[in-house]
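Here come two complexes built around chain A, the first alongside chain B, the second alongside chain C.
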Partner chain A sequence: MSRKQVKGEYIETDTGNKVARKANLVGTQHIMLGGKTVIQAEAMIRGDLARTAQPASTTTAAPGSNTAVAIGRYCFLSKGCCLRPPGRIYKGTFTYLPLRLGDHVFVGEGTVVQAATVGSHVHIGANVVIGEFAIIKDYVRVLDGAIVPPNMVIPSFSIVAGQPARVVGEVPEGGHEAFELRELYKTVGNNPQPLPVTTTETVSYECLSTKFSSSMRTSIRTFGGLSGFENGQPHLDEIPSFAKSSV
Partner chain B sequence: MASSSSKRQSVLPRTPAGPKAPVNFSSSITIADSAQLTGHHTINISSESVVHPRAKLDSAKGRITIGRRCIVHERTSIGAASADPTPSESRDGVFISDYATVEVGAVIESGGTIIGEGCLVGVGSRVGKGAKIGKHCILTPKSVIPPGEEVPDFTVVYSNGTRRMDKRGVTDLKNKAQARQIEGPDGNGSMVYVGQAVGKVARPGGVAVVPTIPLPEALYLRCLKERLFSRNYIR
Partner chain C sequence: MASFTPYTFIQCPCHESAVQSRSDDDASFTTAQELNDDDDDFAFDPRAQRSTFSLYPLEYLLYCDVCHEIRCPRCVTEEIVTIYCPNCLFEVGSSSLKTEGNRCTRSCFQCPICIGPLAVQALETPPEPALLSAESAATPAPAGPWILTCSYCHWNSSEIGVKFDKPQGIFGQLQKLRYGEEQSKHVVSGDTSPTKSDSIPETHKARFAALKSFYGSQTVSANPGAGLSGLGDYGLSSPGALTRIMSIYSGNTMNGLKQKNKSTIMREADSANEGFRPSDLDESAAISQLRRDGWDGTVTREQAKTQVEEGAQFADQLWPIPYLLRTKRSKRCPVCRHIISKPESKVSNTRWRIRLVANNSIPTISIKPLNPPPGSGLLKPLQPAQFLLTFKNALFDDVKVTLATPATTPGRFASRVTVLCPEFQIDANPDNDMYLDDVLRDGDKERQRQRGDESIHQAEAGKIWERGRNWVSIVVEVIPASLRLEPGKDGSDASPLKEDEDILEIPMFVRLEWESEATNDQVGTTTSKEKDAREKRELAYWCAIGIGRISQE
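Right after this comes the complex of A and B.
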């Protein structure tokens, strides 16, 4: 306790994780961080919803064998987001399955992620809901307010939006550089550095979102007649509420 | 590699003070100690219900009743004050019937609000004051039910307010699945079964003592599985 230094907003670990003191991490023994991950205030991670290993082996199992939430490097969990492992009935008993995030995953404010897997270089906007057992591949951009239904699989390089979410566009050629979160990582912490002012590679987030929303608009226009996106008749008319706990 | 240095334990902050609500808990509920129970009316929670961390139950505007085998997920706000100032006729604040699930971050306003049996209130939804949600309704994430609205039984509210009827007829199976989740060995995370210690809730991380109730429903569940596979929910 006495070794504790001046209290900054963040706790910085040896592996470079920056965890806000006000973050709510429940069941930290089941949460794996890959390093250089930022967890902002009020972010919640439900590590306690872990799969209980076979009753006999709980004490002998290697640590981390029943990880509930695994997070890669350079992830960024914004304020108020919530990561919780998805649960379902498996072999007759209800169980939670691990939630895995790849590297360079950005999770926006107020977003709830209950996916099974999120690939690397994924940008998830603010106030998004990712349904249970969704699988998001690499280089996907989920725009603000999207509601990804349970069990949806989002292919790489997609841009996804809407309620329920569907693919509305593709990440443009060369656009994948924007998913790097190394610079963003440096801007938070106890002695934050300002975001370097733009070379073309490191586009700031504001530019990015406008850039993408404009490209989204064009693609909606393109696909509008086909997908029925505009007349508000979604293909997916319901979240299968208990599919998650029973399939 | 661990989420934080070894010095830091998994300690949830104590619940911030407010008037402590009088509670009437069944002895078999599971509740996280970081759930907030405030207000001066009674909060009733019936048997085998689960309240996750950081759920906020505020009985300042009226009684809160939660039925049997309900699941209230984290960060929900039950009994939130409404923007609508007109006083409600009902003495009840919020009544949540049996087998209902309230998902992460949902808000249920106080003032005679009724959530029917087996309802699913999706992530981040908002149910207005005095709204009456019928049995087995599904509110998909971020749905908003305006104050005073009556939603008939088996309604599915999706995609920003569009509605349709749920004609699958799987309510029994759904209830059984919910029971499974609550009774399962890891259905409730590290939260603790309250047992006889009403009001004295053990810390998360403690050993969960979950009542083991024999479940002869394996067959039922198999049926459920088959039904789910045979229907294309995602079109």
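Right after this comes the complex of A and C.
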């Protein structure tokens, strides 16, 4: 990362990354940024949790190859989010495995991502937890407050919400452009540009998610084919006991 | 409640046809306003019960470029392109769907308690590290019995006493465990062919099949050539159905005579292999289990609903749920039958072959307050507030927009609405030229700065507020109604405020006029010959614009 000497809020690199000075990047040698990515203040990337199971020689020989977190282009990591590579027992020892983000991935405020793979054009809302080794495909919208269980696979064009998360709807055909983060990228940085009038899609999409959460219209389930989904999380009332285990 | 995001919902034209054709049955539900369809005064009421079913956000709408009409998810006809498992993302052929049912038959299961995904795990102590091969996430060493575990709520299949011998083909193993060896095949297929007479059907499906075949044979023996015998094959192609139809239509006289002669008594099913099962009226076992396990041991309605088999009452009767398959679908215009949306057939491919979405044809409308009010952001009753509506043109042609709103919003609380500039023109959407974009945006900025110097930019009637390359902002003034109900006024509904009745929602009629190149799409209609001809187009629709909440003071 080439540091410019201007004292702005962000450090802007040659490849167009905008990293907030207050961002918390740990183990930067294990973090790969594709470019044009925004990392806001207090966002944390745990690059230190790199693969440990490999023979020590390879790790020392090629430090770049042992990537812990790989991020594509035009990603947006909001304030206070955390990207953390997932870990598990592998060949008898505990090891972390890389976390990969595609392009145009938005990560909301206070969200923790421990997925194995996040595809391109994915919107992850605020205060979401993505469990370990979850796989999120392209064009997925995770609504605010969702908890995606570990190992879950979310297919393309899904809208996911709830605790635990479930697919509650389908991204409509007209909603694909709303995942584009190029305009949002321009609005942050040391000399930000105002959001042009053109990005109305995102605005109305937000209204849609509030629609979902506030159940403004009682028959709102008619669009998107949602069922039994109100107040931001699906009706899964009175689950008797969560922490049950007999082993 | 405090936060409110303005919204625009657009009404699909399919709404009208529904009202006209079914007005008789729905007269009691529709408001008087809605019934005045042919009247020019007809104003759309977004609060009418019916309206909620035809209002969609722009993203959900498609646009048929043959009919030049908006199409919504409710009026398009869908066709399945691909069927796949949402968990393993494997494609399932439609033929195997018929034989194996609509659930994944690999090893994809959902937790019966919390619907989280289940993973296969070895029950025994951690395996020897050397035996492991790479990659396979859910399969440790080939040792010991295997169980399905949920990493969200920590349920595992050993709770219901289910353990597997091998980590592959869980679906088949589970079927065998659940229904026994010879039944499992039958259950998997969901087949309705009669079971072997010696086997006793256990599942609902199998019992239904047994009962059906039993009564089918009964009616055949009682009344050959008619009756329920054709039930199994609904298709008209079968000769049985044909004779049945013939017997229905070709005069009851001779058939009726025949039937009188042949009034043999039909027997009811009475043995288990005919699908008969006496219901278990002794519930003492269930009651004692309820006493023992308490509330936590019972099944919630949601859990019982997600089960494949009906009738689970206790948590130990819950089985892992194989994932329901999901589809990729193409959509057709209901009128002209042209495909207006078609995804690529491969599961992993997220591209679309055809995607005629409405946001490429009709302008987007965004709403923001002209002078952001301090504090709560709620609208003050009886105080005029001004809002900016920004229309952004998506077409590559200039569009003339005409707006119309009723003077007051429908509903109990009538707010006054004035559109200061109901007629304007939006310039064409230029090609995405980034350089030009930046230059023009700078221009915009300067203009804004100039405006800042002028200090107060007054909203004038008949003039647009601001204009960009392919967008126009206009001002709408609203005087929110007071939410206070006046009691004692006879005839008025004085019931307390209903849900979201405090939202100021403006019904707005948008009419677009533009000239475009004559259609030369793949249809090959007669008009496609004259390519240079300009065609006048018109599109009009109602939309509901949610401006904000009115404060309840």
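Quick notes on this structure:
Keep this in mind: the second predicted complex is superposed on the first by the 185 of 247 C-alpha atoms of A that agree within 3 Å, B and C clash if a C-alpha of one lies under 4 Å from a C-alpha of the other, contacts with A are read in each partner's own complex, and residues count from 1 in each chain.
FYI, a contact is a pair of C-beta atoms (placed from the backbone, for glycine too) under 8 Å apart; a residue touches a chain by one contact, two chains touch by 3 or more.
Treat the numbers as computed from the prediction; the structure is a model and nothing was measured.
By the touch criterion defined above, A:Asn151 lies against chain B and chain C together after alignment on the C-alpha atoms of chain A.
With both structures placed on the common chain, the touch criterion links A:Phe133 to chain C but leaves chain B unconnected. Of the two partner chains placed by superposition, only chain B is touched by A:Tyr96; chain C is not.
When the two structures are aligned on the shared chain, A:Leu184 is found in touch with neither chain B nor chain C. In the superposition on chain A, A:Val112 contacts chain B only, with no contact to chain C. Of the two partner chains placed by superposition, A:Ala41 touches none, neither chain B nor chain C.
Of the two partner chains placed by superposition, chain B and chain C are both touched by A:Pro164. After overlaying the two complexes on the shared chain, residue contacts for A:Asn24 are found with chain B alone; chain C is out of touch.
On chain A, the patch touched by chain B and the patch touched by chain C overlap at residues 89, 92-93, 131, 147, 149, 151-152, 164, 235-243, 245-247. By the touch rule above, chain B contacts chain A in their complex via residues 1-5, 7-10, 12, 34, 53-54, 74-75, 101, 104-105, 120, 122-124, 138, 140-142, 156, 158-160, 162, 164, 166, 170, 173-174, 177-178, 180-181, 183-187, 189-191, 204-205, 218, 221, 224-225, 228-229, 233-235. Those residues of chain A lying in contact with chain C across their complex are 88-93, 131-133, 137-139, 147, 149-158, 164, 166-167, 172-178, 193, 196-198, 200-201, 203-208, 210-211, 214, 216-220, 222-225, 228, 235-247. Considering their complex, residues 1, 3-8, 49, 52-53, 55-62, 72-74, 84, 86-89, 113-117, 119, 123, 126, 128-130, 132, 137-138, 140, 150-156, 158-159, 295-298, 300, 302-303, 315, 326, 331, 341, 347, 350, 352, 355, 357-359, 364-366, 390, 392, 441, 468, 471, 473, 499-500, 503, 546 of chain C touch chain A.
Contacts from chain A toward chain B in the complex involve residues 1, 4, 11, 13-15, 17, 19, 24-29, 31-35, 44-52, 55, 64, 82, 84, 87, 89, 92-96, 110, 112, 127, 129, 131, 145, 147, 149, 151-152, 163-164, 232, 234-243, 245-247.
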